[in-house]
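Let me begin by handing over the structure; questions about it come next.
When the chains are written out, they are named A, B and C in that same order, and each has its own residue count from 1.
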Amino acid sequence: MIPLGAFIAVSAVLFFIGVAGVLVRRNAVVILMCVELMLNATNLALVAFSRKAGMIDERGSVFVVFVFVVAAAEVAVGLAIVLSLYRNRPTVDVDEVHAMKG
Amino acid sequence: MVPGPFGLDPALWAVLRLVIAILLAVGLVFNGALAQIYLERKMQAIIQDRVGPIHTGPWGLLQTFADAIKLLGKEDIRARLTDRWFFLAAPAIVFAPMLASYVVIPFAPGIMGADLSIGLLYLTTLGSMTVLGIVIAGWASNNKYSLIGGLRSAGQLISYEVPQILSLVTVVLLVGSLSMTKIVESQQGVLVNLLFLPLAFVTYFIAGLAETNRNPFDLPEAESELVAGFLTEYSGMRWGLFFVAEYGEITVVSSILTALWLGGWSGPGVDAHPLVGPVLGVLWFTLKTYFFVLVFMWIRATLPRFRIDQLMSLCWKFLIPVTLTNLLVTASLLLAFPETKVPVAIANWLMLFAFMAAVPYFQRRRLASLRERLETRRAPALAERTS
Amino acid sequence: MSFDILQSVLFALLTVGIVGAAAGVVLMKRITGSALLMAFAFLCNAGMFLLLGAETVAAFQVLIYVGAITVLILYGVMFTPQQDRRYGLFFQTQTPWAALLVAPIGIFVAFFAFSFADPGKALPGGGDLVPLATSVFGDFAFPFEVASVLLLAAMIGAIVLVKRDEE
């Protein structure tokens, strides 16, 4: 039997890879991808905890459904922002977009 | 664990069953594609008053086999500027989900890969994965026609998934299960779902045509405007894989139509005998499925292609509102009269007739407004010329 | 070959897939490669859900993440063709900070995670569709409706943002 901790550990590793990606990569689209990875890590943790002690507590899965909704909304709006940014100035590098910086 | 026949070890039997199932599915897909290509060519020929393939074998029956052997023997061409790994991966990404969807297709009682409790959801899930392969194929080809074809296809497939799933949900509401076996078993005798949900059938059929990139929705691979779209740079067996996947997809959509609306394997003689019954079931299922396949081909020979904006407005302005209304009405009627299907059937038939009446009405109104706009634009010029 | 060993092997393969693909997303220079690897990580995650017996969630995961979100992101990648950066990807100012932040917390959390010794039981298939549906449309009906409003708002927002001004 696979212990619950193993699933949580995979989830933690995935989450921190996502965090590192958001911090290191400067391409806005890649940053969106890394945020998706982090959301996926939370999904894995939620489903794993909803199976604690071998019984189904479906509330974990319900929250996963809400995470799906949030992820879809986030990607749609995020990509729209990236595209309109690209239209004004042909770059998606977040370092080069500092017109509003004081 | 299911104990195997002939005293086989259960684990060994599980592995063996897997291998047999995969081989059967692959054989089914490829042979189905060969048969369908032959059928399609003959059918087009009859409709267009030609003879079709006649030279290879009796009635040209061996023509598609010869074509397949030719495809296998062709040189595997890869243009230098294509994105190597994506170019190689794309046909597999299109083909694999189609193959995997054969797992839940109910051929006859007991003759199916696995009776998943989420069978229908599984099928829609796999259908949505095809988009990825097509977009990647378009991108990796490094060709503007391919790219346009891929992007068009992504927009089309994602949009038409919505009315498709909404139509399926209507059936699921009526039956109360996502399992393919339960859906088929719920339609006893002649009381098939087609009698209760004709509108959902029509909307699913239209969306299914779009999902399989068939005429009149074959914009992603439009030969005359996009030189075959995302298929342009592919040749040999890689191209063949896309082609087989398309025919496999048609078979999957047809079998969903059969299982959900035409009672699947049910037909005369299926319950009669424990040994003959399943064979007859497979026969009925195949006959019904190929009926729909033939309708797909008939439509291809009859209808012209849509323009991309017409395609999108058909989906978003017409199909999605219609399917949503249908879902709402069906759900509320089922809530109001939980023990009888008759009100649902009446409402659905009425909505179908309204739907069929609305199409020409809107068409005429749109044409009239177009004509009016043209007249107003042309009026000053005309007045100038006559004065 | 017992089912237990098979499960462990599957878990190991999926773990390698998830972690490898996620690392690839961060490290790969080509953005299309990152997008495809992200889709692969999502698929492996769906496999994890299957191992946990949550097949409905796994199906939704593939439907939404692989079928919709990856395609959207590929769209984004294709519409924003990139020139190469003038300076290197790594050894910029953020990297040491990222390492400082991620490594200690990550290691701590991973160790902490293994303190959940509770064995995750293999559940019979087909168990999670009905409870999930009853829960979503019963106890969580109101949040579910709010989520649909959020989606609608996001859709309208995206259209407004991307729409070109009429000349």
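Worth a mention:
In this section, a residue touches a chain if its C-beta (ideal position, glycine included) is under 8 Å from a C-beta of that chain, and two chains touch if they have at least 3 such contacts.
Keep in mind the model is a prediction, meaning the values are calculated, not measured.
If each chain is reduced to the average of its C-alpha atoms, the one that sits nearest the average of all protein C-alpha atoms is B. Looking at contact counts per chain pair, the maximum sits at A-C. Remark: subunit B and subunit C have CA centroids separated by 29 Å (rounded to whole angstrom). Subunit C has its Cα centroid 6 Å from the Cα centroid of subunit A.
Per-chain Cα centroids separate subunit A from subunit B by 33 Å. Contact with two or more other chains is made by residues 56, 60, 68, 75 of subunit C. Only residues 4, 7-8, 11, 15, 18-19, 22-23, 25-26, 31, 34-35, 38, 41-42, 45, 48-49, 51-54, 56-57, 60-61, 64-65, 68-69, 72-73, 75-77, 79-80, 82, 85, 89-90, 92, 94-95, 97-99, 101-102, 105-106, 109-110, 113-123, 127-128, 131-132, 134-136, 139-140, 143-144, 147-148, 150-151, 153-155, 157-159, 161-162 of subunit C touch subunit A when the two sit together in their complex.
Interface residues of subunit C, counted against subunit B in their complex, comprise 1-3, 32, 36, 39, 55-56, 59-60, 62-63, 66-68, 70-71, 74-75, 78, 125-126, 129. Residues 1, 11, 83, 86, 89, 116-118, 121-122, 124-126, 128-129, 131-132, 135-136, 139, 147, 151, 154, 158, 161, 178 of subunit B are the ones that touch subunit C when the two sit in their complex.
Taken in their complex, subunit A has these residues touching subunit C: 1-21, 23-27, 29-30, 32-34, 36-37, 40, 43-44, 47-48, 50-54, 56, 58-59, 61-62, 64-66, 68-77, 79-84, 86, 92-93.
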